[in-house]
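Structures for review follow.
Next come two complexes, and both contain chain A; in the first it sits with chain B, in the second with chain C.
Take a look at the complex of A and B:
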């Protein structure tokens, strides 16, 4: 847990103080394997792969967290409205959830990102708009159950307004749920952002991104320059794993039943 | 202090006013200051519904008829909002009434504040109530899901008794408690009554009711069949209604004979006495006409044969 936090702080810090001189083309240093001078080696234009990887991971992290937050907001609003309101509104939102879940989400991601013209905004919205249903469904079920809990029913009979009940009884229950959902979605979103960019529907080729890095390295992998693809790919996997651990630990901590263990 | 006259409660289903049996049907009773009125009856006979009707906590689809007055004032929606928690307190039946997000102490303290005590006194009153029910400072910091069933129930009782309410509606306050704690709860209710408050003790544990109550109202199928002095249950000879007599027979210290256990819901679908189906004295008058109240020594009874 603390290792994961350290890893992310290190990444963010490194991206801030990074000497971007390593991004400059230097044909004299082409295809250098990992060494003390260039820990992750250099690419076919002599650029330092460590610099590129760290900047790519940092951008991916930002994209993933933003996309997961957007998705969490959509889930919280639609899920609680469906659960609390019930009736036609619930039917409509549940239908929407089913439609989105029934569409293969890679197709949905590519379509949305393409329609929005790609770029950072396109990737964030594509991930957010295709990943809200799972969490929305959980929140809807939670609200439906809470709405019928004795203490909430009693509070309604005592004459408290709907807004009061939502604020005092429902939100304290839903916000931790939503936070965990966002934390578990973020690594998924990071992978999708990298995947979209890899396929050419994501952020622009000029922006640093792991997806772009991997797409470019693919051309060189058969020529023996393994470090171009393997090291950035492995760092992406490591970051996603760390994020996932963070999410799972947060879930265990926020659950009163497992907190003491 | 509290008078319930001709109270009836029924429910509309699916938003339509279809004819459904009344859950409570023409109930009359009164609770005086300084006494405990025990309400006994089988499960599902409408005892808790009576408590909810008094406190204005009926579900939205419930329709209530008749009148409930408190200190001479009719209890309507406006009145009950002001009196609830301040002058009338409820010990609810289910421990699910506790707020899962608040510690025991903060819930009792809030009840004390809502009862109109100033903050400094409220803290003292809630501490006193909590320690009376054996909830020490460790237990006070716990959340409801961390409590045992008995502790949660004691927390509810502490919540209701922390203020200065003059009427206490106790809905099954001793369920799930061990003998000594149940005894302590009942003793406290008796003390409250002796200090001039009125207590409506709803329970299906007739022995518990007899231990502390002054009078006992016997509920069956949403109706009160008899209101008798608790002392009348000592011998059973003074009990008039056949159902009350059957209940008395069912007590362990008496014949321990099973009282007829047929479901007695749906009283209003027939027009007669709710006990007519099982009553040994039943005749066609019992089956077709609702008996009127008859005043008898120490109480009232609703039976054609009394």
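Take a look at the complex of A and C:
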């Protein structure tokens, strides 16, 4: 857990103070395998892969977290509205959830980023708009249960307004749950954003991103420059794994049933 | 049963309308996307002519109505980049993808189930820990990176497998013999199954542990059942049901994975067509694939329901009551 946090602070810090001189084209250093001078090797323009990987990871992290946050907001709003109102509104939102869940994620991602004309904004919105249903479902069920809890009914009988009940009784329950939901969503968001970039949608070729690095590496793979594909991908896996551990630990900590263990 | 089919039809219809509305709000001009850089070489009149021949001069609601009535008759329009009816493109490409997906689906199902049963039989053992670490790591691994790794090791390093495509160079895909096709299929299918194993293994493991703590497990043990005897005679049936459901419900993930795997291995399937349609602005094909893939996922879920009903006698009893 603390190792994961350390990893992320290290990554963010490294991306800030990074010497971007390694990004300059240097044709004398093309296709260098990993060495002490260039830990991750260099690419077809002689750029340092370590610099490119760290910047790519950092951008991917920002993108994924932002998309997961947007997704969390969508699920919080739709889920609680559906749970609180019930009836027609609930039916409509549940239908929407079913529809989004019935389309394969990646197809939906491609469709949305096509509609938005690609770009970083397209990727973020595409990921945000396709990842909310599961969390929304959980929140909807939670709100439905809370709405009929004895203390909420009692509070309503005591004359508290709806807004007061939402603020004092419902939100304290929902916000931690939503936060954990977002933390568990973020790794998926990072992976899907990388996949979308890999396929050629979204982020421009000059912006650093792991998906782009791996797509580039495909052109050089048959000539045996293995480090271009293997190392950036492994770093991405490590980052996603660390994020996932963070999310699972947070869930275990905030759940009173497992906290004692 | 009828209810199920009705729901599926409703979902597909909603997806069709929603995606049409989305696409019609796209800032990308279809004529621009179609012409690419050649747009500079045509006159405005010519451009208008293309737009008119595609019916773009009509208002969006009317276009939607025309499109929907064509859809209802089974006419998905014409793909711009392949210059063929959308349905033909999808049918041809899906035939190639189906090989890939079926191979991966079966492999990941069998291996994942086996690993899950093993891990669940000896929870806490090094074997169990190994399987769990594998499954957790795989859940954080992008499909396309696994594909790249396999390419680096088996195609470039060892030279065991071809580096791309569905048939040897110069041989059209439908003329390649079975051995050649399997040879080209091996790496993409392996990529998809390596990823697919994770979820089903973890799920089966949990069910297995649950069953081992049940009362009938205790009873079977008291009757003198051995470890493997218990698995064969009692546990397998109980664990198989949720595993089958899960495997059918994962068709969406499988479809998404095949898009990535096909891109890595340049395998000419439906996934590659999806990417091309998206990148080159082939709206009819993209819409067709969105609808088709939704139908694919829905049919998978329906199959799971039907199978459940056949395999699990309890489902029929509750329905009869």
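Here is the rule we use: the second predicted complex is superposed on the first by the 261 of 261 C-alpha atoms of A that agree within 3 Å, B and C clash if a C-alpha of one lies under 4 Å from a C-alpha of the other, contacts with A are read in each partner's own complex, and residues count from 1 in each chain.
The rule is short, and it goes like this: contacts are C-beta pairs under 8 Å (C-beta built on N, C-alpha and C of every residue); 3 or more make two chains touch, one makes a residue touch a chain.
Given the structure is predicted, the values throughout are model-derived calculations rather than measurements.
Three-chain overlay on chain A, with chain B and chain C fitting side by side and no clash. Put simply, more of the residues of chain A are touched by C, taking chain B and chain C as the two choices. When the shared chain is aligned, no partner comes close enough to touch A:3: not chain B, not chain C. Contact with chain B, but none with chain C, is seen for A:157 once the two complexes are overlaid on the shared chain. Looking at the shared chain after the overlay, A:244 reaches chain C, while chain B stays out of its contact range.
Contact with neither chain B nor chain C is seen for A:87 once the two complexes are overlaid on the shared chain. In the superposed model, the vertex angle chain B-chain A-chain C (Cα centres) comes to 100 degrees (nearest 10).
With chain A used as the common frame, chain B approaches chain C to a shortest CA-CA distance of 26 Å. Touching of chain A by both chain B and chain C, each in its own complex, is seen for no residue at all. Looking at the complex, you find that chain A touches chain B at residues 149-151, 153-154, 157-159, 169, 172-173, 256.
Residues 10-11, 14-15, 18-19, 22-23, 25-28, 136-137, 139-145, 148-149, 151-152, 155-157, 163, 251-253, 255-257, 259-260, 263-264, 274-275, 278-279, 281, 286, 289-290, 293-294, 296-298, 301 of chain C touch chain A in their complex. Residues 95, 98-99, 102-108, 110-117, 187, 191, 194-195, 198-201, 214, 217-218, 221-222, 224, 226, 229-230, 233, 236-237, 240-241, 244 of chain A touch chain C in their complex.
Residues of chain B touching chain A in their complex: 56-60, 81, 84, 92, 94, 96-101, 143, 145-146.
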